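Accompanying notes for the structure given below.
Each chain carries a letter (A, B and C) given by its place in the written order, and its residues are counted from 1.
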Amino acid sequence: MALLEVKKLGISFGGLRAVDEFSIKIEKGELYGLIGPNGAGKTTIFNLLTGVYKPTDGSIILDGEDITGKSTIQINHAGIARTFQNIRLFHNLSVIDNVKVGLHNHYKYSAGTGVFRLPKFFRTEKEMNKKALELLRVFDLEGEAYLPASGLPYGKQRKLEIARALATQPKLLLLDEPAAGMNPNETAELMNTIRFVRDNFDMTVLLIEHDMSLVSGICERLSVLNFGQLLCQGETSEVLSNPEVITAYLGE
Amino acid sequence: MKKKLNVQTRKSFVTYALLLIVIIAVEIMVNTGNISSMLQGLLVPICVYAILAVSLNLTVGILGELSLGQAGFMCIGAYSSAIFSNLVKDSITEPMIRFPLAIIIGGICAAVFGIIIGIPVLRLRGDYLAIVTLAFGEIIKNVFAALYIGYDSAGLHISLKSQGDLNLASDGKMIINGALGISGTPNDSTFEIAAVILFITLIISYNFINSRTGRAVMSIRDNRIAAESVGINITKYKLITFGLTAFLAGVAGVLYSHNFYSLQASKFDYNLSILVLVFVVLGGIGSVRGSVIAAAVLTMLPEYLRSINKYRMLFYAVILIVMMICTSNATVRNFFVRNFEKLKGLIIKKKSAGETAKEGE
Amino acid sequence: MAFLENLINGISLGSIYAVIALGYTLVYGIAKMLNFAHGDVIMVGGYVVFNAIVKANLNPWVSVALAVVACTVLGITIEKVAYKPLRKASSLSVLITAIGVSYFLQNMALLVFGEKPVTFTSVIDIPKISLFDGKVVIKGETTAAIIASILIVIGLSLFVNHTQKGRAMLAVSEDKDAAQLMGINVNSTISLTFAIGSGLAAIAGVLLCSSYPILSNTTGAMPGIKAFVAAVLGGIGSIPGAMIGGITIGVIEILGRAYISPQLADAIVFAVLILVLMVKPTGILGKKINEKV
């Protein structure tokens, strides 16, 4: 059974059909790419998958559970975590606290326990710190753990966002243009990190990307979106050599 | 790295230490008679205002929402506890039992109202919260000003019309007399108790901020959409914060009502809520220590500078506007930051010139 | 009969709220901020008219015109000095600043115009109307408020929908950045909005003080808040909504005062606000605003 199965997903804003009849099947452990020209509706699909927008048609099944129309919070609990195209960190919190907010629903103690500093507080916080540092180490952010998140350079902010998403222990990770604004070295490093995450965290990844070196380098399969509709999908090499895709990207 | 981990904890302990020193110093001054009667009269109010400011800072600084209902919550705490104390003052004569009960009752009543108000509005835009809390404060003030409560052998009598409407028996006693308010509340608020409550308020606030709950609340403040995306229940944490703010404001109200023989609802007006906001803004939004200092300074200042009293409120207004423009406008803020750095650089240079040449990092 | 008289008085008070609510609704729609100081501009308008008539012996109409000019200038100044530097700041900072401005105006008025409330002399000389053999008497002020508000709502709707400047306001309220790209001067459009709102506040001040003649530094505060409630009730951003909301609030207030409790009339109005926000937070004619992700 596929981990994510989306059937005929659609949404209209006013009269505009932003996404229409979008279907996709992602297997567990896959690295899947969603590409397409600007304004094709890629981020809208992410917003639909994560419940920021409620779809007008279609269904979303995650690991056998129907999550269509659920709230962002419920969907995160069901197992989807994401990053944002325009980075959305908790900028006044420290780097490690950003990750600890991600761990929120897996390491619990009540507000009262925190206020009265009961033993469980110290125990849980210690475990949280350990786990958060572990995650930061994966992204080479351990050294900056106690700096404010807003002080990180751009590339590291993107990484921190991925670390925070992973902290929620998702089944499916959505990355919205993870390489945007990175130089080729950073992109290459990011590719390794994404592969590492997939292999070591048993993760399934769906990513939106414009950087073709990244897409062709790590994605196993691709879906191409144009004007809110699916243009084609399949193995990466096949899709990228498809004349229709080339036309859509380069125009005529 | 271990050191940096405790930066928040260290900050809170410095505040505790400072407060403890001040409390002990004041206590010594009081006991040796080295304190002016004016300052002595201000001691409990300073604690009350500091608690109010710290509690509002949880909503404004940590949650990032504006509440203008601080006076309303305080009013509920003040009235509910004063009613309680007036009812039991003949049966429970020991203030050390009566007053803690009053504090708990006042705080809980205020928190319940805070949550009731919070449920409909916390999912709306921040501006609505501000106006609804303001409206709520006015409702509370008006209702208490129109409320008559008395008791006699037949039990409690309540009316919203007039004293005569209560139909009290001849042995009846008034508790709340409409706009005239409550009188006869036992004077249980002492500086010692107020100081202890302030201290506890600080501990609660710091511990709240530096916990799982506080992080969740701050994540909502920093980026609501991202907080939702990692599964933070926005409504729940907003309600918790709002309830805690109301609880502490209610406790401040208890201290306030038990500091005066008589109490009128008209005291808890819009101006009081604004005053508390001025403390928070001047002390630094999000800074617990700053709130306490600002509350203390701005409570004492007008008493010592009677001549400026006329301009006091105008001064408050200017504080709000100027502080906001200085901290939120990028150009102005950078100007200050740059000059502050320069100034700091100069001071460090002078210092190190006097000692050894240790600079150059 | 008394009910009819109360109803008409409610509609009249509501008409004044509607004129004030227009200022809130325009500014909220375009600058996306709650201009807390709006109510206090009303008070300034009232004082300008009072002083112009009593101290300077000016003609009432000239005084009203003077108040409109003064308030317009005041509105633009407030926007430029206090709000413009915060265009990019968080809504919390803007809100606190607006409260600061409101507080500033109230306390400045206390120093400039004195602490003692003054008795305003009505500027309206419309004769009163007697109905049912004098059982129902409608005062000239009541009629004036209703007529003035209807004219203002019609005029403003025409302006917004049929002039270039008005359409620029609509565009800015829809999407500030897109409007800028289309060549609309966003700053001057926001200034214009504040100018119109404040000018209307002056007229509202005259109408309010003519009907309720006690004028003090906090005269504008409560009507201001109630007018905001009216704007929310009608649907923030909507001009006809402001009218509907204003009249509803006015009627509720007067009837509540007459039949439930005079002390609790304000509390009833605010309870209505909380109820509306629970049931239909976008108001009667409002539309939902989506946040960009």
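One rule holds in what follows: a contact is a pair of C-beta atoms (placed from the backbone, for glycine too) under 8 Å apart; a residue touches a chain by one contact, two chains touch by 3 or more.
Because the structure is predicted, anything quoted here is derived from the model rather than measured.
**Q** Taking touch as defined above, what minimum step count separates chain A and chain B?
**A** Minimal hop count between chain A and chain B: 1.
**Q** With chain centres set to the mean of the C-alpha atoms, which chain is at the far end from chain B?
**A** A
**Q** Based on mean C-alpha positions, which chain is nearest the centroid of every protein C-alpha shown?
**A** B
**Q** Centre to centre, by mean C-alpha position, how many angstrom separate chain A and chain B?
**A** Centre-to-centre distance between chain A and chain B: 41 Å.
**Q** Using mean CA coordinates as chain centres, what's the chain A-chain C distance in Å?
**A** That gives a centre separation of 47 Å.
**Q** Using Cα averages as centroids, what's the distance between chain B and chain C in whole Å?
**A** Whole-Å distance between the two chain centres: 32.
**Q** Counting only residues that touch at least two other chains, what does the list for chain B look like?
**A** Residues 225 of chain B touch two or more partner chains.
**Q** Enumerate the residues of chain C that touch no fewer than two other chains.
**A** 293, in rising order.
**Q** If a residue has to touch 2 or more other chains to count, which residues of chain A qualify?
**A** 52, 84
**Q** For a test of understanding, state which residues of chain B touch chain C in their complex under the given definition.
**A** Residues 60, 64-66, 68, 117, 120-121, 124-128, 130-132, 134-136, 138-139, 142-143, 145-146, 160-161, 225, 270, 274, 277, 281, 285, 310-311, 313-314, 316-321, 324-325, 327-332.
**Q** Could you list, by residue number, the parts of chain B that touch chain A in their complex?
**A** Checking each residue of chain B against chain A gives 1, 4-5, 7, 204, 207-208, 210-216, 218-219, 221-223, 225-234, 240.
**Q** Tell me, which parts of chain A touch chain B in their complex?
**A** Residues 50, 52, 71-73, 76-77, 81-82, 84, 88-93, 97, 100-102, 104-105, 107-109, 111, 113-117, 121, 124-125, 128-129, 145-146, 164-165, 167-168 of chain A touch chain B in their complex.
**Q** Which residues of chain C touch chain B in their complex?
**A** Touch list, chain C to chain B: 28, 33-34, 82, 85-86, 88-97, 99-101, 103-104, 106-108, 110-111, 221, 225, 228-229, 232, 261, 263-264, 266-267, 270-271, 273-274, 277-278, 281, 291, 293.
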